[in-house]
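Next come two complexes built around chain A: one with chain B, the other with chain C.
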Partner chain A sequence: MNKTELIDSLKEIIKPYIQDEAAFQNLTEDTKFIDDLKINSANLVDIVLDVEDKFDIHIEDDAMENMLTVKGAMDIITDKIGAK
Partner chain B sequence: MIGNDIVDLQFARKESNWQRPRFLEKIFTEEERHFIHTANDKEVAVWLLWSGKESVYKIIARLEKRRFFAPKKIKHDFRPIRRDRACPVPTNVVHTIPAGLKPCAFAKKMTASQKRWVSTHCLLYKEYIFSTQSVVTDTHIHTIAQLNNNNQSPITNHFHIKKNNYQTQHETTHRHLLKNYAAITDLAADELTIQKDEYQIPHVYYQDEKQSVMISMSHHGHYGAYAIMMDDK
Partner chain C sequence: MQNIRETRGLEAPRYVMTIEKIISVLPYTTPFLFVDNLENIDENGVTGTYTYPPESYFYKGHFVNNPITPGVILTETMAQIGLVCLGIFLMKDKIEETAEFPKMAMTSNQTDYFLPVYPGEKVTVISRKEYFRFGKLKCQVEMRNEQDELVCKGIIAGMIARK
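Now for the complex of A and B:
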(Lines of atoms letter the chains of each structure in order from A and count residues from 1; the text may use other names and numbers.)
(Lines give C-alpha, C1' and ligand atoms only; values in the text may rest on other atoms or scores of the structure.)
Protein backbone atom coordinates (compact mmCIF):
# COMPACT_ATOMS: atom_id res chain seq x y z
CA MET A 1 0.00 0.00 0.00
CA ASN A 2 1.49 3.35 -0.99
CA LYS A 3 1.22 6.61 0.92
CA THR A 4 -1.75 7.98 -1.03
CA GLU A 5 -3.71 4.77 -0.59
CA LEU A 6 -2.92 4.80 3.10
CA ILE A 7 -4.10 8.40 3.54
CA ASP A 8 -7.25 7.59 1.58
CA SER A 9 -8.17 4.65 3.76
CA LEU A 10 -7.41 6.71 6.88
CA LYS A 11 -9.67 9.48 5.60
CA GLU A 12 -12.45 6.98 5.16
CA ILE A 13 -12.03 5.87 8.77
CA ILE A 14 -11.95 9.32 10.35
CA LYS A 15 -14.67 10.94 8.23
CA PRO A 16 -17.60 9.96 10.51
CA TYR A 17 -15.93 11.64 13.49
CA ILE A 18 -14.76 14.98 12.06
CA GLN A 19 -16.37 18.28 13.04
CA ASP A 20 -14.44 20.56 10.70
CA GLU A 21 -15.22 19.84 7.07
CA ALA A 22 -12.78 22.46 5.67
CA ALA A 23 -9.85 21.04 7.62
CA PHE A 24 -10.84 17.56 6.43
CA GLN A 25 -10.88 18.69 2.79
CA ASN A 26 -7.39 20.15 3.23
CA LEU A 27 -6.07 17.18 5.16
CA THR A 28 -2.31 16.61 5.10
CA GLU A 29 0.05 14.38 7.08
CA ASP A 30 0.39 17.17 9.66
CA THR A 31 -3.35 17.42 10.31
CA LYS A 32 -4.19 16.94 13.98
CA PHE A 33 -7.26 14.89 14.86
CA ILE A 34 -8.43 16.96 17.83
CA ASP A 35 -7.00 20.43 17.21
CA ASP A 36 -7.67 20.61 13.46
CA LEU A 37 -10.49 18.18 12.71
CA LYS A 38 -12.20 18.90 16.07
CA ILE A 39 -12.72 15.21 16.69
CA ASN A 40 -14.06 14.43 20.17
CA SER A 41 -11.39 12.77 22.26
CA ALA A 42 -13.68 9.85 23.06
CA ASN A 43 -13.88 9.15 19.33
CA LEU A 44 -10.09 8.76 19.16
CA VAL A 45 -10.68 5.35 20.68
CA ASP A 46 -13.09 4.53 17.87
CA ILE A 47 -10.46 5.58 15.33
CA VAL A 48 -7.90 3.31 16.98
CA LEU A 49 -10.37 0.39 16.93
CA ASP A 50 -11.43 1.10 13.34
CA VAL A 51 -7.78 1.18 12.25
CA GLU A 52 -7.15 -2.13 14.02
CA ASP A 53 -10.13 -3.72 12.31
CA LYS A 54 -9.42 -2.31 8.86
CA PHE A 55 -5.73 -3.28 8.78
CA ASP A 56 -6.05 -6.34 10.97
CA ILE A 57 -3.39 -5.11 13.40
CA HIS A 58 -3.10 -4.66 17.16
CA ILE A 59 -2.08 -1.25 18.45
CA GLU A 60 -0.45 -1.35 21.88
CA ASP A 61 -0.98 1.39 24.44
CA ASP A 62 2.47 2.89 23.87
CA ALA A 63 1.90 3.16 20.13
CA MET A 64 -1.57 4.60 20.70
CA GLU A 65 -0.02 7.59 22.50
CA ASN A 66 0.94 9.08 19.15
CA MET A 67 -2.40 8.57 17.41
CA LEU A 68 -3.09 12.30 17.45
CA THR A 69 -2.15 13.21 13.89
CA VAL A 70 -2.52 11.74 10.42
CA LYS A 71 1.22 11.14 10.33
CA GLY A 72 1.15 9.52 13.77
CA ALA A 73 -1.52 7.09 12.61
CA MET A 74 0.28 6.38 9.29
CA ASP A 75 3.56 5.59 11.08
CA ILE A 76 1.85 3.12 13.40
CA ILE A 77 0.00 1.38 10.56
CA THR A 78 3.11 1.15 8.36
CA ASP A 79 5.10 -0.18 11.28
CA LYS A 80 2.51 -2.81 12.20
CA ILE A 81 1.85 -3.97 8.65
CA GLY A 82 5.60 -4.30 8.10
CA ALA A 83 5.92 -6.42 11.22
CA LYS A 84 3.18 -8.84 10.22
CA MET B 1 -3.63 23.74 38.67
CA ILE B 2 -7.01 22.88 37.25
CA GLY B 3 -8.61 21.06 34.36
CA ASN B 4 -12.23 20.44 33.56
CA ASP B 5 -14.33 18.26 31.30
CA ILE B 6 -17.97 17.96 30.42
CA VAL B 7 -19.89 15.02 28.96
CA ASP B 8 -23.32 15.37 27.38
CA LEU B 9 -24.75 11.94 28.16
CA GLN B 10 -27.35 11.96 25.41
CA PHE B 11 -24.78 13.05 22.86
CA ALA B 12 -22.32 10.44 24.08
CA ARG B 13 -24.99 7.80 23.62
CA LYS B 14 -25.32 8.84 20.00
CA GLU B 15 -21.66 9.44 19.16
CA SER B 16 -19.88 6.72 21.09
CA ASN B 17 -20.63 3.08 21.55
CA TRP B 18 -18.80 2.14 24.74
CA GLN B 19 -20.15 -1.40 24.42
CA ARG B 20 -18.25 -2.02 21.22
CA PRO B 21 -15.65 -4.76 21.59
CA ARG B 22 -12.29 -3.64 23.06
CA PHE B 23 -13.51 -0.06 23.68
CA LEU B 24 -13.29 -0.26 27.47
CA GLU B 25 -10.03 -2.21 27.35
CA LYS B 26 -8.34 0.58 25.37
CA ILE B 27 -9.27 3.26 27.90
CA PHE B 28 -9.66 1.74 31.32
CA THR B 29 -7.43 -0.20 33.70
CA GLU B 30 -8.61 -3.53 35.06
CA GLU B 31 -9.68 -1.85 38.31
CA GLU B 32 -11.62 0.78 36.43
CA ARG B 33 -13.37 -1.85 34.35
CA HIS B 34 -14.32 -3.67 37.50
CA PHE B 35 -15.77 -0.43 38.86
CA ILE B 36 -17.82 -0.01 35.66
CA HIS B 37 -19.06 -3.59 35.51
CA THR B 38 -20.22 -3.54 39.12
CA ALA B 39 -21.88 -0.10 38.93
CA ASN B 40 -25.65 0.18 38.95
CA ASP B 41 -25.53 2.47 35.96
CA LYS B 42 -22.69 1.26 33.76
CA GLU B 43 -23.10 3.97 31.17
CA VAL B 44 -22.79 6.78 33.72
CA ALA B 45 -19.83 4.99 35.29
CA VAL B 46 -18.04 4.88 31.91
CA TRP B 47 -18.43 8.60 31.30
CA LEU B 48 -17.74 9.55 34.90
CA LEU B 49 -14.35 7.83 34.76
CA TRP B 50 -13.66 9.10 31.25
CA SER B 51 -14.44 12.65 32.33
CA GLY B 52 -12.04 12.28 35.26
CA LYS B 53 -9.23 11.17 32.96
CA GLU B 54 -9.91 13.97 30.50
CA SER B 55 -9.91 16.71 33.13
CA VAL B 56 -6.67 15.38 34.60
CA TYR B 57 -5.11 15.06 31.14
CA LYS B 58 -5.64 18.79 30.64
CA ILE B 59 -3.46 19.49 33.66
CA ILE B 60 -0.80 17.02 32.53
CA ALA B 61 -0.66 18.58 29.05
CA ARG B 62 0.26 21.84 30.79
CA LEU B 63 2.78 20.26 33.12
CA GLU B 64 4.57 18.32 30.41
CA LYS B 65 3.87 20.69 27.54
CA ARG B 66 2.99 17.80 25.27
CA ARG B 67 -0.04 16.12 23.80
CA PHE B 68 -0.55 12.40 23.94
CA PHE B 69 -3.30 9.82 24.00
CA ALA B 70 -2.76 7.37 26.84
CA PRO B 71 -5.96 7.14 28.87
CA LYS B 72 -4.77 4.09 30.79
CA LYS B 73 -1.75 5.94 32.19
CA ILE B 74 -4.09 8.25 34.10
CA LYS B 75 -5.53 5.86 36.67
CA HIS B 76 -8.30 6.09 39.18
CA ASP B 77 -7.22 5.04 42.63
CA PHE B 78 -10.15 3.35 44.31
CA ARG B 79 -8.48 2.76 47.65
CA PRO B 80 -10.20 4.55 50.50
CA ILE B 81 -8.86 8.05 50.92
CA ARG B 82 -6.22 8.07 53.62
CA ARG B 83 -4.18 10.86 55.03
CA ASP B 84 -0.85 9.27 54.24
CA ARG B 85 -1.64 9.31 50.52
CA ALA B 86 -2.22 13.06 50.56
CA CYS B 87 -4.79 13.13 47.81
CA PRO B 88 -5.64 16.83 47.70
CA VAL B 89 -9.25 17.21 48.61
CA PRO B 90 -10.87 19.84 46.40
CA THR B 91 -11.73 22.53 48.88
CA ASN B 92 -14.30 25.24 48.43
CA VAL B 93 -15.06 24.54 44.80
CA VAL B 94 -17.22 27.47 43.77
CA HIS B 95 -19.65 25.48 41.74
CA THR B 96 -23.26 25.80 40.80
CA ILE B 97 -24.13 22.71 42.78
CA PRO B 98 -27.74 22.77 43.83
CA ALA B 99 -28.28 22.87 47.57
CA GLY B 100 -28.86 19.59 49.32
CA LEU B 101 -26.33 17.57 47.35
CA LYS B 102 -24.45 15.03 49.36
CA PRO B 103 -20.91 14.25 48.30
CA CYS B 104 -20.28 10.57 47.94
CA ALA B 105 -16.80 9.17 47.72
CA PHE B 106 -17.49 6.43 45.25
CA ALA B 107 -19.92 6.29 42.42
CA LYS B 108 -21.10 2.79 43.16
CA LYS B 109 -23.74 4.38 45.28
CA MET B 110 -25.50 5.67 42.24
CA THR B 111 -29.04 4.54 41.76
CA ALA B 112 -31.74 5.57 39.36
CA SER B 113 -33.47 7.56 42.06
CA GLN B 114 -30.46 9.80 42.59
CA LYS B 115 -30.91 12.39 39.89
CA ARG B 116 -27.96 14.52 40.90
CA TRP B 117 -24.94 13.82 43.00
CA VAL B 118 -21.32 14.70 43.45
CA SER B 119 -18.60 12.13 43.06
CA THR B 120 -15.01 12.68 44.16
CA HIS B 121 -12.08 10.62 43.03
CA CYS B 122 -8.36 10.32 43.32
CA LEU B 123 -6.32 9.89 40.13
CA LEU B 124 -2.69 9.01 39.64
CA TYR B 125 -0.24 9.77 36.86
CA LYS B 126 3.49 9.20 37.33
CA GLU B 127 4.34 10.81 40.69
CA TYR B 128 1.37 13.16 40.61
CA ILE B 129 -1.83 12.80 42.61
CA PHE B 130 -4.94 14.57 41.42
CA SER B 131 -8.36 14.98 42.91
CA THR B 132 -11.52 15.27 40.86
CA GLN B 133 -14.99 16.33 41.70
CA SER B 134 -17.84 15.53 39.35
CA VAL B 135 -21.37 16.79 39.30
CA VAL B 136 -23.49 14.07 37.77
CA THR B 137 -27.04 14.57 36.58
CA ASP B 138 -29.21 12.47 34.31
CA THR B 139 -28.19 14.63 31.34
CA HIS B 140 -24.54 15.50 31.87
CA ILE B 141 -21.36 15.06 33.90
CA HIS B 142 -19.06 17.95 34.73
CA THR B 143 -15.69 17.20 36.31
CA ILE B 144 -13.11 19.53 37.83
CA ALA B 145 -9.61 18.19 38.40
CA GLN B 146 -7.10 19.76 40.74
CA LEU B 147 -3.43 19.38 41.48
CA ASN B 148 -1.94 21.23 44.43
CA ASN B 149 -4.93 23.39 45.05
CA ASN B 150 -2.94 25.78 47.32
CA ASN B 151 -6.16 26.47 49.17
CA GLN B 152 -7.40 28.32 46.14
CA SER B 153 -10.97 27.95 44.98
CA PRO B 154 -11.56 27.32 41.32
CA ILE B 155 -14.47 29.20 39.86
CA THR B 156 -16.46 27.00 37.57
CA ASN B 157 -19.72 26.77 35.77
CA HIS B 158 -21.45 24.72 33.13
CA PHE B 159 -24.32 25.59 30.87
CA HIS B 160 -26.59 24.44 28.08
CA ILE B 161 -25.70 25.29 24.47
CA LYS B 162 -28.52 25.54 21.96
CA LYS B 163 -26.76 24.30 18.84
CA ASN B 164 -24.24 21.53 19.08
CA ASN B 165 -22.05 22.53 16.15
CA TYR B 166 -18.42 23.18 16.96
CA GLN B 167 -18.44 26.91 16.25
CA THR B 168 -21.42 27.60 18.54
CA GLN B 169 -20.01 25.41 21.31
CA HIS B 170 -16.66 27.15 21.05
CA GLU B 171 -18.00 30.70 20.99
CA THR B 172 -20.58 30.14 23.74
CA THR B 173 -17.97 28.64 26.06
CA HIS B 174 -15.55 31.53 25.46
CA ARG B 175 -18.31 34.07 26.01
CA HIS B 176 -19.46 32.55 29.29
CA LEU B 177 -15.93 32.34 30.65
CA LEU B 178 -14.94 35.88 29.69
CA LYS B 179 -18.15 37.33 31.04
CA ASN B 180 -17.47 35.75 34.42
CA TYR B 181 -13.79 36.73 34.35
CA ALA B 182 -14.73 40.33 33.52
CA ALA B 183 -17.13 40.39 36.47
CA ILE B 184 -14.46 39.04 38.84
CA THR B 185 -11.68 41.37 37.71
CA ASP B 186 -13.72 44.42 36.77
CA LEU B 187 -12.03 44.44 33.36
CA ALA B 188 -14.01 45.32 30.24
CA ALA B 189 -15.34 42.11 28.67
CA ASP B 190 -14.88 43.40 25.13
CA GLU B 191 -11.15 43.93 25.75
CA LEU B 192 -10.71 40.31 26.83
CA THR B 193 -9.83 37.45 24.51
CA ILE B 194 -8.81 33.82 24.83
CA GLN B 195 -5.83 32.65 22.81
CA LYS B 196 -4.19 29.28 22.63
CA ASP B 197 -0.43 28.89 22.79
CA GLU B 198 1.75 26.52 20.76
CA TYR B 199 0.77 23.65 23.07
CA GLN B 200 -2.94 24.40 22.57
CA ILE B 201 -3.23 25.68 26.12
CA PRO B 202 -5.72 28.55 26.44
CA HIS B 203 -4.81 31.86 28.10
CA VAL B 204 -6.79 35.00 28.84
CA TYR B 205 -5.52 38.27 27.36
CA TYR B 206 -6.54 41.77 28.36
CA GLN B 207 -5.81 43.88 25.30
CA ASP B 208 -2.39 42.41 24.42
CA GLU B 209 -1.41 41.46 27.90
CA LYS B 210 -1.45 37.83 29.00
CA GLN B 211 -3.20 37.41 32.34
CA SER B 212 -1.81 35.20 35.10
CA VAL B 213 -5.11 33.34 35.48
CA MET B 214 -5.36 29.67 34.56
CA ILE B 215 -8.40 28.53 32.62
CA SER B 216 -9.80 25.29 31.31
CA MET B 217 -12.67 24.88 28.89
CA SER B 218 -14.72 21.98 27.65
CA HIS B 219 -17.73 21.40 25.48
CA HIS B 220 -19.58 18.35 24.31
CA GLY B 221 -22.91 18.12 22.55
CA HIS B 222 -25.31 20.60 24.09
CA TYR B 223 -23.17 21.41 27.14
CA GLY B 224 -20.25 23.71 27.79
CA ALA B 225 -18.16 24.29 30.90
CA TYR B 226 -15.17 26.20 32.20
CA ALA B 227 -12.98 26.50 35.26
CA ILE B 228 -10.96 29.52 36.34
CA MET B 229 -8.12 29.58 38.85
CA MET B 230 -6.90 33.06 39.66
CA ASP B 231 -3.12 33.67 39.93
CA ASP B 232 -2.33 30.03 39.48
CA LYS B 233 1.24 28.84 39.65
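Now for the complex of A and C:
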Protein backbone atom coordinates (compact mmCIF):
# COMPACT_ATOMS: atom_id res chain seq x y z
CA MET A 1 0.00 0.00 0.00
CA ASN A 2 1.49 3.31 -1.03
CA LYS A 3 1.29 6.54 0.93
CA THR A 4 -1.70 7.96 -0.95
CA GLU A 5 -3.68 4.77 -0.51
CA LEU A 6 -2.82 4.76 3.18
CA ILE A 7 -3.97 8.35 3.65
CA ASP A 8 -7.18 7.59 1.76
CA SER A 9 -7.90 4.59 3.98
CA LEU A 10 -7.24 6.68 7.05
CA LYS A 11 -9.51 9.47 5.83
CA GLU A 12 -12.32 6.98 5.35
CA ILE A 13 -11.88 5.76 8.94
CA ILE A 14 -11.71 9.19 10.57
CA LYS A 15 -14.44 10.88 8.55
CA PRO A 16 -17.33 9.89 10.86
CA TYR A 17 -15.56 11.41 13.86
CA ILE A 18 -14.29 14.77 12.55
CA GLN A 19 -15.87 17.98 13.82
CA ASP A 20 -14.05 20.40 11.52
CA GLU A 21 -14.97 19.79 7.90
CA ALA A 22 -12.59 22.43 6.51
CA ALA A 23 -9.60 20.95 8.33
CA PHE A 24 -10.61 17.53 7.02
CA GLN A 25 -10.80 18.79 3.42
CA ASN A 26 -7.29 20.25 3.78
CA LEU A 27 -5.91 17.21 5.56
CA THR A 28 -2.14 16.66 5.35
CA GLU A 29 0.29 14.36 7.14
CA ASP A 30 0.75 17.10 9.75
CA THR A 31 -2.95 17.38 10.57
CA LYS A 32 -3.58 16.82 14.26
CA PHE A 33 -6.57 14.66 15.17
CA ILE A 34 -7.58 16.53 18.31
CA ASP A 35 -6.32 20.08 17.71
CA ASP A 36 -7.19 20.36 14.01
CA LEU A 37 -10.01 17.91 13.34
CA LYS A 38 -11.56 18.53 16.81
CA ILE A 39 -11.97 14.82 17.45
CA ASN A 40 -12.45 14.02 21.15
CA SER A 41 -10.30 11.50 23.00
CA ALA A 42 -13.08 8.91 23.13
CA ASN A 43 -13.55 9.01 19.37
CA LEU A 44 -9.79 8.84 18.90
CA VAL A 45 -10.01 5.48 20.65
CA ASP A 46 -12.71 4.47 18.15
CA ILE A 47 -10.38 5.45 15.33
CA VAL A 48 -7.60 3.30 16.77
CA LEU A 49 -9.99 0.34 17.08
CA ASP A 50 -11.20 0.88 13.51
CA VAL A 51 -7.59 1.06 12.31
CA GLU A 52 -6.87 -2.24 14.07
CA ASP A 53 -9.80 -3.89 12.31
CA LYS A 54 -9.08 -2.38 8.92
CA PHE A 55 -5.39 -3.32 8.86
CA ASP A 56 -5.66 -6.43 11.05
CA ILE A 57 -3.06 -5.16 13.51
CA HIS A 58 -2.85 -4.70 17.29
CA ILE A 59 -1.88 -1.33 18.69
CA GLU A 60 -0.51 -1.07 22.24
CA ASP A 61 -1.22 1.71 24.70
CA ASP A 62 2.28 3.15 24.25
CA ALA A 63 1.95 3.30 20.48
CA MET A 64 -1.35 5.12 20.71
CA GLU A 65 0.31 7.98 22.53
CA ASN A 66 2.16 8.75 19.28
CA MET A 67 -1.04 8.74 17.29
CA LEU A 68 -1.70 12.45 17.52
CA THR A 69 -1.26 13.30 13.85
CA VAL A 70 -2.03 11.68 10.51
CA LYS A 71 1.68 10.99 10.10
CA GLY A 72 1.85 9.45 13.57
CA ALA A 73 -0.95 7.07 12.62
CA MET A 74 0.63 6.26 9.26
CA ASP A 75 3.96 5.44 10.95
CA ILE A 76 2.29 3.08 13.42
CA ILE A 77 0.29 1.32 10.69
CA THR A 78 3.32 0.98 8.40
CA ASP A 79 5.40 -0.29 11.30
CA LYS A 80 2.78 -2.85 12.37
CA ILE A 81 2.07 -4.09 8.85
CA GLY A 82 5.80 -4.48 8.28
CA ALA A 83 6.16 -6.52 11.46
CA LYS A 84 3.48 -9.03 10.44
CA MET B 1 -16.11 -5.38 59.46
CA GLN B 2 -14.64 -7.28 56.61
CA ASN B 3 -12.37 -4.39 55.72
CA ILE B 4 -10.41 -4.74 58.90
CA ARG B 5 -7.61 -6.51 57.13
CA GLU B 6 -7.10 -3.48 54.95
CA THR B 7 -5.85 -1.61 57.97
CA ARG B 8 -2.35 -2.42 59.07
CA GLY B 9 -2.57 -6.09 59.97
CA LEU B 10 -0.03 -8.71 60.81
CA GLU B 11 0.36 -10.06 57.31
CA ALA B 12 1.06 -7.85 54.34
CA PRO B 13 -2.42 -6.39 53.84
CA ARG B 14 -3.77 -7.29 50.47
CA TYR B 15 -6.02 -4.59 49.17
CA VAL B 16 -9.43 -5.86 48.12
CA MET B 17 -11.74 -3.71 46.04
CA THR B 18 -14.90 -4.77 47.79
CA ILE B 19 -18.33 -3.59 46.81
CA GLU B 20 -18.43 -1.47 49.98
CA LYS B 21 -15.13 0.08 49.00
CA ILE B 22 -16.30 0.89 45.48
CA ILE B 23 -19.40 2.64 46.77
CA SER B 24 -17.39 4.52 49.39
CA VAL B 25 -15.02 6.02 46.81
CA LEU B 26 -17.75 7.10 44.38
CA PRO B 27 -17.29 10.83 43.72
CA TYR B 28 -20.98 11.62 44.26
CA THR B 29 -23.25 12.49 47.12
CA THR B 30 -26.88 13.44 47.72
CA PRO B 31 -28.71 14.67 45.72
CA PHE B 32 -26.73 13.18 42.85
CA LEU B 33 -25.69 9.75 44.07
CA PHE B 34 -27.69 7.05 42.31
CA VAL B 35 -26.13 3.85 43.64
CA ASP B 36 -27.51 1.97 46.64
CA ASN B 37 -25.91 -1.42 46.25
CA LEU B 38 -23.96 -3.61 43.86
CA GLU B 39 -25.12 -7.20 43.62
CA ASN B 40 -22.07 -8.40 41.80
CA ILE B 41 -19.14 -7.06 39.85
CA ASP B 42 -16.33 -8.60 37.86
CA GLU B 43 -14.03 -7.80 34.93
CA ASN B 44 -16.89 -8.15 32.47
CA GLY B 45 -19.73 -6.30 34.08
CA VAL B 46 -21.72 -5.17 37.07
CA THR B 47 -25.23 -5.40 38.47
CA GLY B 48 -26.45 -2.80 40.93
CA THR B 49 -29.60 -1.25 42.38
CA TYR B 50 -31.05 2.09 43.32
CA THR B 51 -34.36 3.19 44.83
CA TYR B 52 -35.52 6.70 43.94
CA PRO B 53 -36.62 8.43 47.17
CA PRO B 54 -40.07 9.97 46.68
CA GLU B 55 -38.72 13.23 48.16
CA SER B 56 -36.04 13.54 45.44
CA TYR B 57 -35.72 17.16 44.31
CA PHE B 58 -36.48 16.52 40.63
CA TYR B 59 -39.99 15.24 41.31
CA LYS B 60 -40.99 18.79 42.26
CA GLY B 61 -40.52 19.89 38.67
CA HIS B 62 -40.82 16.75 36.55
CA PHE B 63 -43.69 16.92 35.98
CA VAL B 64 -46.04 19.43 37.62
CA ASN B 65 -48.42 17.39 39.80
CA ASN B 66 -47.24 14.27 38.01
CA PRO B 67 -43.89 13.08 39.38
CA ILE B 68 -41.95 10.78 37.04
CA THR B 69 -38.20 10.10 37.15
CA PRO B 70 -36.56 12.14 34.36
CA GLY B 71 -34.87 10.16 31.58
CA VAL B 72 -31.58 11.96 32.19
CA ILE B 73 -31.65 10.71 35.79
CA LEU B 74 -32.25 7.16 34.56
CA THR B 75 -29.29 7.52 32.22
CA GLU B 76 -27.18 8.99 35.03
CA THR B 77 -28.11 6.02 37.21
CA MET B 78 -27.08 3.62 34.44
CA ALA B 79 -23.80 5.51 34.06
CA GLN B 80 -22.98 5.63 37.80
CA ILE B 81 -23.62 1.91 38.31
CA GLY B 82 -22.76 0.56 34.89
CA LEU B 83 -19.77 2.67 33.99
CA VAL B 84 -18.29 4.44 37.02
CA CYS B 85 -18.54 1.52 39.47
CA LEU B 86 -17.18 -0.85 36.84
CA GLY B 87 -14.47 1.67 35.97
CA ILE B 88 -13.38 1.83 39.60
CA PHE B 89 -13.25 -1.96 39.72
CA LEU B 90 -11.19 -2.16 36.53
CA MET B 91 -8.83 0.57 37.75
CA LYS B 92 -8.47 -0.88 41.24
CA ASP B 93 -4.74 -1.49 40.99
CA LYS B 94 -4.15 2.06 39.88
CA ILE B 95 -6.39 3.50 42.59
CA GLU B 96 -4.55 1.43 45.17
CA GLU B 97 -1.18 2.51 43.85
CA THR B 98 -1.89 6.24 43.67
CA ALA B 99 -4.59 6.49 46.37
CA GLU B 100 -6.31 8.90 44.05
CA PHE B 101 -9.61 8.72 42.31
CA PRO B 102 -9.06 8.65 38.53
CA LYS B 103 -10.59 11.42 36.45
CA MET B 104 -13.63 10.16 34.57
CA ALA B 105 -15.99 11.67 32.04
CA MET B 106 -18.95 10.33 30.14
CA THR B 107 -18.20 10.71 26.45
CA SER B 108 -21.28 9.27 24.77
CA ASN B 109 -24.56 7.65 25.47
CA GLN B 110 -27.43 6.40 23.43
CA THR B 111 -30.46 5.31 25.40
CA ASP B 112 -33.91 4.02 24.50
CA TYR B 113 -36.64 4.32 27.13
CA PHE B 114 -39.53 1.88 27.45
CA LEU B 115 -41.33 2.43 30.76
CA PRO B 116 -41.73 5.27 33.29
CA VAL B 117 -40.17 5.04 36.75
CA TYR B 118 -42.30 6.52 39.55
CA PRO B 119 -41.20 7.91 42.93
CA GLY B 120 -40.09 5.16 45.31
CA GLU B 121 -39.42 2.57 42.62
CA LYS B 122 -36.38 0.34 42.89
CA VAL B 123 -34.43 -0.32 39.71
CA THR B 124 -31.70 -2.78 38.80
CA VAL B 125 -28.96 -1.80 36.38
CA ILE B 126 -27.13 -4.51 34.47
CA SER B 127 -24.01 -3.49 32.58
CA ARG B 128 -21.89 -5.60 30.28
CA LYS B 129 -18.48 -4.40 29.18
CA GLU B 130 -18.03 -4.07 25.44
CA TYR B 131 -14.42 -3.01 25.77
CA PHE B 132 -11.99 -1.14 27.99
CA ARG B 133 -9.11 0.01 25.87
CA PHE B 134 -6.88 3.08 25.80
CA GLY B 135 -8.80 4.46 28.77
CA LYS B 136 -12.19 4.20 27.10
CA LEU B 137 -14.80 2.05 28.78
CA LYS B 138 -17.81 1.20 26.65
CA CYS B 139 -20.73 -0.79 28.03
CA GLN B 140 -24.13 -2.11 27.08
CA VAL B 141 -26.39 -1.17 29.93
CA GLU B 142 -29.99 -1.93 30.74
CA MET B 143 -32.31 -0.99 33.59
CA ARG B 144 -35.13 -3.17 34.91
CA ASN B 145 -37.87 -2.43 37.43
CA GLU B 146 -39.04 -4.60 40.32
CA GLN B 147 -41.32 -6.53 37.98
CA ASP B 148 -38.19 -7.34 35.93
CA GLU B 149 -39.58 -5.27 33.06
CA LEU B 150 -37.17 -3.42 30.78
CA VAL B 151 -37.20 0.29 31.68
CA CYS B 152 -34.44 1.51 29.42
CA LYS B 153 -31.29 0.34 27.73
CA GLY B 154 -28.40 1.87 25.93
CA ILE B 155 -24.74 2.07 25.12
CA ILE B 156 -22.70 4.31 27.38
CA ALA B 157 -19.02 5.15 27.12
CA GLY B 158 -16.60 7.19 29.15
CA MET B 159 -12.92 8.01 29.40
CA ILE B 160 -10.86 7.24 32.46
CA ALA B 161 -7.59 9.08 32.88
CA ARG B 162 -4.85 6.51 33.16
CA LYS B 163 -2.19 8.70 34.74
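Going forward, the second predicted complex is superposed on the first by the 84 of 84 C-alpha atoms of A that agree within 3 Å, B and C clash if a C-alpha of one lies under 4 Å from a C-alpha of the other, contacts with A are read in each partner's own complex, and residues count from 1 in each chain.
Please note the rule applied: a contact is a pair of C-beta atoms (placed from the backbone, for glycine too) under 8 Å apart; a residue touches a chain by one contact, two chains touch by 3 or more.
A quick note: this is a predicted structure, and the numbers were derived from the prediction, not measured.
Using the contact criterion defined above for the overlaid structures, shared-chain residue A:45 touches chain B and also reaches chain C. Once the two complexes are laid over each other on the shared chain, residue contacts for A:75 go to neither chain B nor chain C.
Comparing chain C and chain B on the residues of chain A they touch gives the larger count to B. Within the superposed three-chain model, A:19 lies in touch with chain B and out of touch with chain C [touch as defined at top].
Of the two partner chains placed by the overlay, only chain B lies in contact with A:35; chain C stays clear of it. Legend: residue contacts after superposition of the two complexes on their common chain; A:61 is shown touching both chain B and chain C. Overlaid on A, the two complexes show chain B and chain C touching the same residues of chain A, namely 40-46, 48-49, 61, 64.
Residue ranges on chain B touching chain A, taken from their complex, read 12, 15-17, 20-23, 26-27, 50, 54, 67-73, 165-166, 200, 220.
Residues 40-46, 48-49, 61, 64 of chain A touch chain C in their complex.
On the side of chain C, the complex with chain A involves touching residues 107-108, 131, 133-136, 157-159, 162. Touching chain B in their complex are the following residues of chain A: 19-20, 34-35, 38, 40-46, 48-49, 52, 61-62, 64-68.
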